[in-house]
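Pasting the structures in now, so scroll down.
One chain, subunit A, links the two complexes that follow: it is found with subunit B in the first and with subunit C in the second.
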Partner chain A sequence: MLRLYAGAARMSILDQLQYRTANYLYMIGMIAEPVIYLVVWSTVADSEGGTVGGYSAGALAAYYIVWTLVRNMNIVLTPYAWEWRIKDGQLSGELLKPIHPIHRDLGGFAGWKIVTILYWLPIAAILVWLFPPAFSTDTFSVLAFVVALWGGFLVRFMLLWALGLVTFWTTRVGAIFDVFFTVELLASGRLVPLSLMPPWAQAAADWLPFQWAFQFPIETLIGRLSRAEILRGLGMQAFWTLVGVGILTLVWPMAVKRYSAVGG
Partner chain B sequence: MIDPHPAVWARDLAKTFRVPEREAGVLAAVKSLVHRRMKDVAAVKGVTFRLEPGEVVGFLGPNGAGKTTTLKMLAGLLHPTAGQAAVLGHVPWKRERALLSRITLVMGNRNQMQWDLPALDSFALNAAIYRLPPAEFARTRDELIDLMGVGELVTKPVRNLSLGERMKMEFIASLLHRPQVLFLDEPTIGLDVTAQRTLRQFVAEYNRRTGATVLLTSHYMADVTALCRRVIVIHHGSLLYDGDLAGLGEQFAAYKTLGVTLDGADGAVAGVDWAAFGEVVATDGAKVTIQVPRASASAVAARVLSELQVADLTIEDPPIDEVIARVFAAGAATAAAGTDGDDVATPSVVEPAATSTA
Partner chain C sequence: MSIFRLAAAHWRVNALNELQYRVNLVVQLFQSLIALATGLIGLSLVFRQTDDLAGWSRPELLAVMGVHLLMGGIIQAVVQPNMQRLMGDVQNGLFDYSLVKPVDAQALSSVRELRIWQVVDVLVGAAVLAVAVVQLDARVGVGQALWFVVALVLGALSIYSFWLILTTGVFWIIRIENIVELFQGVYQAGRWPVGIYPPWLRGGLTFLVPVAFAVTVPSEAMTGRLTPQTMALAFGVAVGLMAVARGVWRLGVRRYGGASA
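Let's look at the complex of A and B:
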């Protein structure tokens, strides 16, 4: 299995390197969103005496610079892809193989992330120069961040893969996915750090998986979490990954049977 | 010695799709929001056949006959509505690893290769997926590349290859794990004559070297005549014929073709009342081609020889394309009058309990 993951990752890395310019432009294009958030919240922090929701301007800069990496790490197989995958017949080819297709996807996306990290480094350097960040981190946090970064990728990968299986039952999936992504935007820490949200929203976000894929890795690196909080966060990532695995284990055989009943 | 276990068998295999239907227009579209009308479409209506190990069998039928649906059931991609089947002793739609590692389905115009990378990279990924030992993979890959004659192409990105070249790569990728059963669905569709010939030779040689069983669908009769001694004909989801390719003409061609070349000048043919012998289909210099009813072909030939100055006489079945066209045209009515279940080889010995329909 390790050979398969290595093979799929290698293919993905080679593939991404083929389109390095396009990939780079795509990543640069994605900077606009966090920079807007950063400028808005830094202005708010300045107007409120230097901090907002416990974040100084420097801490906000750190948050949104790490945001750019986590956001890129969070890009996984979109649930919308399933419709194309089924219509195009690609799924048939994958079902003929003697392995679950998730392994190839996971290996492939993991390979892509290695390229993403390499591409991100110079972007981060420029952002650090433009918006001096304030990190209060230590070695433990940095090491934990490496784990949390990949943990966040795994949580989102599993959940979106599982969500995509809805396509096997209905083709009108767009609305379902839109609701999911809207809730995720608000409850993940992508729009604003959750500490800037109303208490009820923070309480609701605690019951959802999104922050563990997004805000948790960011806060781990910028030094806002204690060791205990970091360990709990890693545990939550493991929990939500297992939830995803559980859903897939339950739903995938039914999805395949459904697919093979209606054709493709 | 023939293996008593068939490589593939199907008994009363059927597949009905339930599909939505509605009239054209806005009103019908609005109505369908409230009440969705469904319709059952029987794609395969209980086909029965078996393939012995090492056989190369042509699976023929017009578009929509049920060929691809049958192949997909046998490859494990579709659950049948009714009936039973086994491939290498496994129920295909259970999709067991032990089966998937020993079969392949190649579909024309479908590409599983990584578009932007050389084919060699896709081959390597397949080796990992099928868990092929590196040395064995390298040996098989090089053998297949050599057999297909594409050594200089495997390092080019797949996107830069022609359709025929991509199909060759697709074949190599699909055979790296040395499958024992090959389902080939229109593998030469859209390819030029040279590429078609190369792929035919490749399949024939693979079959010869490995003893693999091949079930091939193709609309190119050249594929079928080059590779298959036996054909199975399906139409409207029902089996019309299962037997020798040569026997197809015997059964479905109502006439034979007589080619008569007369002694003397080209004008000699003009003075003969050919209508008395049969229907003239072509005249070429001193040669006339006539069609005569199959039953009277010998008698007509004898009359031609006795009444005319004949330099050469040939008696042939019509071209196989024409025969197949007649079979399709005959349709289900011919099935009822001609080949029914009695002519179809049925699985007789190997039906282990594990192979029952899930």
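Let's look at the complex of A and C:
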């Protein structure tokens, strides 16, 4: 099993290293979003006497710079991919293999993430220069961040893989996915840190998995969480990953049963 | 044949084609409403914490959002689809056929496509703008509305020219599809008035990517902030970009080798 993961990861690393320009254009296009949020909220912090929701301009800069790494780590198999996997019968081949197809996806995406981190470093350096961040980080939070970063990747990977299986039942999936991604945008800390949301929205977000894949790793690194909070967060990541595994174990056999290949 | 009749003929065929797929209207409506809701939530989160953002009040920022949606709809309906088709045509050699037509190839390449359902975004943007204007206590007169339309047209021409310059890059570098995502990312910056950005970024959003002239200047016209100097600058930038786009286009076409060459 480990050799399968290593193989899938190595293949995607070699694959992605070929497309440096494409990867960079993509990443630079993505930088626009956090820079806009950062500028808007820094402006608000300035006009409100330096801080907003407990964030100073420097802390906001730190938040949105780490944001760019976590966002890139959060990109996993889009649920839309299932549409063409099913449509062109590609899945038939996967199903014939003796190993569950999720393992190859997981290994492949994990490999790509290693390339992503390498590409991200120069971008981060430029952002740090343009928007001086304020970190209050110690060794423990850096180490915990390494774990939380990959934990967040795992949570989102499992959830989106499970969500993609909806495609087996209906072909009009766009609306479902749109709603899912909008809720995620609001409840993950991607649009704004959750502490800037009204209390009822924060309470609602606590019942959802999204912040553990997004805001939690960010706040771990910038040093806004206590040790107890970090340990609890890692626990929540494990919990939601297991929920994803549970859903998959239940739904996958049913999905495969419904599947009839097209053009296979 | 005048370019307007040519455009009208192409758009009619495109519209008739897309009108067959009515469900797409519902899909587009749904997506526009989600985008609107997200924008409104973002705005209300900001105004939970403060009363004015760099001198812009809440209804004024609502007006900016309306113009941003409206202009985004225009870009998605007529500018971007034509530019994407042009990129594809140059890549696989179909551009040969545009060159042998008796009309100007740049004009032809700019009017062939129309995504009719994107008009929903234009309408939603106009509605948001109308609500904002009502909230602004009828400070808007006929004169302002007129300047708004002029600023909007100039902004659209600037964005079109900018897009054409980017697309013309395809004559030199073949694979530039990712530019679409780059542009859409940067266009998001226009949701807020460019005045809030740090100087280096404001400069980029004004002269490099003319988002300022596409969104902020028309919004200024509507909220009574427009100065004659800004209007003159918008005019100059639109004319300048169109001239540059024309020049780059000529150079690009000269480089084009054709599919069978």
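Brief remarks follow.
Note that the second predicted complex is superposed on the first by the 259 of 264 C-alpha atoms of A that agree within 3 Å, B and C clash if a C-alpha of one lies under 4 Å from a C-alpha of the other, contacts with A are read in each partner's own complex, and residues count from 1 in each chain.
In the analysis below, a residue touches a chain if its C-beta (ideal position, glycine included) is under 8 Å from a C-beta of that chain, and two chains touch if they have at least 3 such contacts.
Just so it is clear, the model here is predicted, and its values are computed rather than measured.
Touch criterion met: A:Ser92 reaches subunit B, while subunit C stays clear of it.
Shared-chain residue A:Arg104: touches subunit B; no touch with subunit C. By the touch criterion stated above, A:Leu231 is placed in contact with neither subunit B nor subunit C. Of the two partner chains placed by the overlay, only subunit B lies in contact with A:Ala8; subunit C stays clear of it. Of the two partner chains, subunit B is the only one touched by A:Val256; subunit C is not. Subunit A uses no single residue to touch subunit B in one structure and subunit C in the other.
Those residues of subunit A that touch subunit B in the complex are listed here as 3-4, 6-8, 10-11, 14-15, 18-19, 89-90, 92-93, 95-99, 104, 256-257, 260-264. Subunit B meets subunit A in the complex at residues 17-18, 69, 72, 75-79, 93, 95, 97, 100-101, 103-105, 107, 110, 112, 114, 116-117, 121-122, 124-125, 127-131, 157. In the complex of the two chains, the subunit C residues touching subunit A come out as 27, 30-31, 34, 37-38, 41-42, 45-46, 48-50, 52-54, 175, 178-179, 181-182, 184-186, 188-189, 191-192, 196-198, 200-201.
Residues 22, 25-26, 28-33, 35-36, 39-41, 43-44, 47-48, 52-53, 130, 174-175, 178-179, 182, 185-186, 191-192, 196-198 of subunit A are the ones touching subunit C in the complex.
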